[in-house]
């Protein structure tokens, strides 16, 4: 295993310590339990947003803490959802008196640990709402299964809901907005390579030189299907097709196109994918009015990409454009 | 070779086309010859900044075109310096009447091709100054050699000089400022893995599981020495030691600490390195007052890191903080 | 039939922590195939933390003992298994209460309550390819055996056998719960990591509780 | 001794383009060891572009012919080799001027001017481990041979041999110019890519100019 770490046990703690040192003006890092809050938390009277999940997806979530986005993020061990005490302490630390929204990616572990944290917080009369993000079209949805995974739409939901909370929306309103983003966003991802979890020391799966995984999540897990390697244009079609069909996105829609790197795919390649995705949507009469391109929700050093498309309306566009000041996303300030 | 591309021949053109589509509000992409300009170029009366180099270093340079940074960037083939006609056309396109500064990384090919372009532009009475960046302490400097490579300090120079040009400084002033950044910045890099140039199809060099390259540049070339793999803290010391000695940086100095990913190293690991670098400098009485952490000057998907330290004064700090609006760096706007 | 003392329960937990330590890499390997390669590390982190609390464990009744195990797992494991095994011991602790020891029959009820907690949290049924596939039949076998007047050792052994059968039954199943469900058809042909760690829980019981 | 017609120079360029195409991967391999793995691709891109201009090449004098080669290389190759080989042919074109053919002696002067251009641009001297290490001795040998009254073919062959010796001499050298210089000691033990492509230039000449 080739990694810039000191030991698998310390990588998360040392990494968030570095994050805190680099962005002490924006965030504050708390340890045992580990969580990251806005430097100015709690913000009196503002609805607070708390998210979290396993580490290894950086900049998500810790890099999205700051004005106009999250109030707190709880990093678990690599690819392991955080523990209830982390979310419980974070919730208490950022509660500004108008309630706390938990933005939860739909993974059994995340959902259950956030539920337990919410129970603890509510027991102390903190008003907590939880919204579960499940935008991954690679997973067939069903009442009898764990359902779809939460992936790219999480980043967009955190930015958009953060803007609404900053603007003074109520907990009910921010929760409703979060459901709206989830309802209008769809994603799908693929991997050219696996990734190596530090405490495992070897790639989670082996992928031959001429094959790729389609329909992966963000935890280095294998995808729905393994196929022969294809060109960037073909891969973009394979990912975008199911996304467009699923919502469905229709001619005349205005959308945000988010092309994400799983970590190891460089921008040179990512923009080749963006170019094709933009072309396909445009040909279908779908207007790309906002874009996000880069590594924002990653699986360590995995090479691959995921595409997320979010249907926009004036409200979502305005909130997307609103100022944001975090280590990972910043504009308007 | 596993890459999200359609063909090695088209990767650069398709990638800058995608970049242009994603950021049409900020930049304009011109083809044959290929160069990228600010959407509002030429800016009358403003000194224009032109840089360029081989592709594969994204976001540098194309991602740094926009208000407060570069007026134009010229992308060559992967790891191959662009041709004079690219810089010549870019220079003409962004010339606002008050002269054009060429920011050139010190590689024989880059220097010679920029020289030829400058000759062509001057022949048309465009005032052109060129500043060569050579901040890589891994290379011993000497009058009889090609000298040191231009690496991390290039990003800082483009940001700082861009701010000065935006504020109305003259060509002479901006050129002097560029020399100042180069004189006060030092860098060194290392690689955990090689990278694969698309038209070559296999890694530029082989690196055993337990070895690393110290003192690499940004073209996937091997470094000065190959050693056994070490911990993140040890590697940080190996890189930072020569940097601090070379300037030298002294107790009481205020600095900008730039920890860069070569492309394949994820943020989780990069912040482990940042943490140690920040600790070492602080212990030495060197005050880290500004930071930049992420993949900003890369070698395709190479795993590794480079550290750049820039000695700051009030002028450099103010210009660093000034608003910048580019695809790759954005704040204050 | 003799009761199970608190000290026996302590040995049970310690033995289980030992099995987890031994099987850590194997559990992670199973999780690599259909999950995210952390089940072994998760369980090991949790039970090492439990061992570190050995002092507190000593001076507690059975309920208090399980409560410490529960809170420690909940606060150190994370993931699905942390919430689930944590809930299991939390419910078991409530059921056991302030007793210094449990009769084999009482222990059956305690296990039942633990299972109920897991099902309430995880909403998984037998056949979903989860730890429930091993836990439910194991407890059923244990209670049947005790009800039939067999001794504790016999009951724990048949529980272990049932757990192992339950584990084997997860192999052909296409997962409906947990991460493995994201793989669809591809999850078939692999044993469930959580069901595997559940087998170890009963094996440890059979090796400690009746002696 | 018979002169070298413009058509012969065209065959020279075409033959060189062919050699580059054949040796493309080898040149890149050499550049992988001490450079950035693009010399073969760079030269190939450039000379394929030159071939594409075949039509224009036909109706030009020798100077015009070299001018087209120069501008095409400058605009399509990039890197150090683009600027250097481009400059070589640019200076050669000025020296050759509007002549329809060159005497072997005139060709020597033309080569000299090309070399001077490379040295002016790149500031490399023999021994720096660059193309100059092959180019300089090759031209020297060519001129010596012509001066000694040997025929063109003989002169081109001794030039090629001298280029090859120059190339071999680059192997042990620690580079002082170009990317290879960044490697310090590690650059020793490898042949210089540009010197290798220069050998091909003279080999192509010996295969075309005197026939």
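In order of appearance the chains are A, B, C and D, and numbering begins at 1 in each one.
The rule is short, and it goes like this: a contact is a pair of C-beta atoms (placed from the backbone, for glycine too) under 8 Å apart; a residue touches a chain by one contact, two chains touch by 3 or more.
All values derive from a computational prediction rather than experimental measurement.
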Touch-connected components when subunit A is not counted: B, D | C
item	value
Most distant chain from subunit A by Cα centroid	D
Centre-to-centre distance between subunit D and subunit C (centres being mean Cα positions), rounded to whole Å	76
Centre-to-centre distance between subunit C and subunit B (centres being mean Cα positions), rounded to whole Å	55
Between subunit C and subunit A, distance of the C-alpha-averaged centres to the nearest whole Å	32
Interface hub residues of subunit D, defined as touching at least two other chains	none
Residues of subunit B whose C-beta touches two or more other chains	78
Pairwise touch network: line, ring, star, complete, or other	line
Touching pairs among all chains present in the structure	A-B, A-C, B-D
Touching residues on subunit A, where the partner in the complex is subunit B	2-7, 11-12, 14-19, 21-23, 55-56, 58-59, 63, 78, 192-193, 209, 212, 229, 231-233, 235, 263-276, 278, 288, 291, 293, 295, 298, 300-301, 303-305, 330-333
Residues on subunit B engaged by subunit D in the complex (per definition of touch)	33, 54, 76-85, 107-109, 112-113, 115-116, 138-140, 142, 144-146, 149, 197, 199-200, 204-205, 217, 219-222, 224-225
Subunit C residues within the subunit A interface of the complex	28, 32, 34-38, 41-42, 45, 74-84, 121-122, 176-179, 181-184, 186
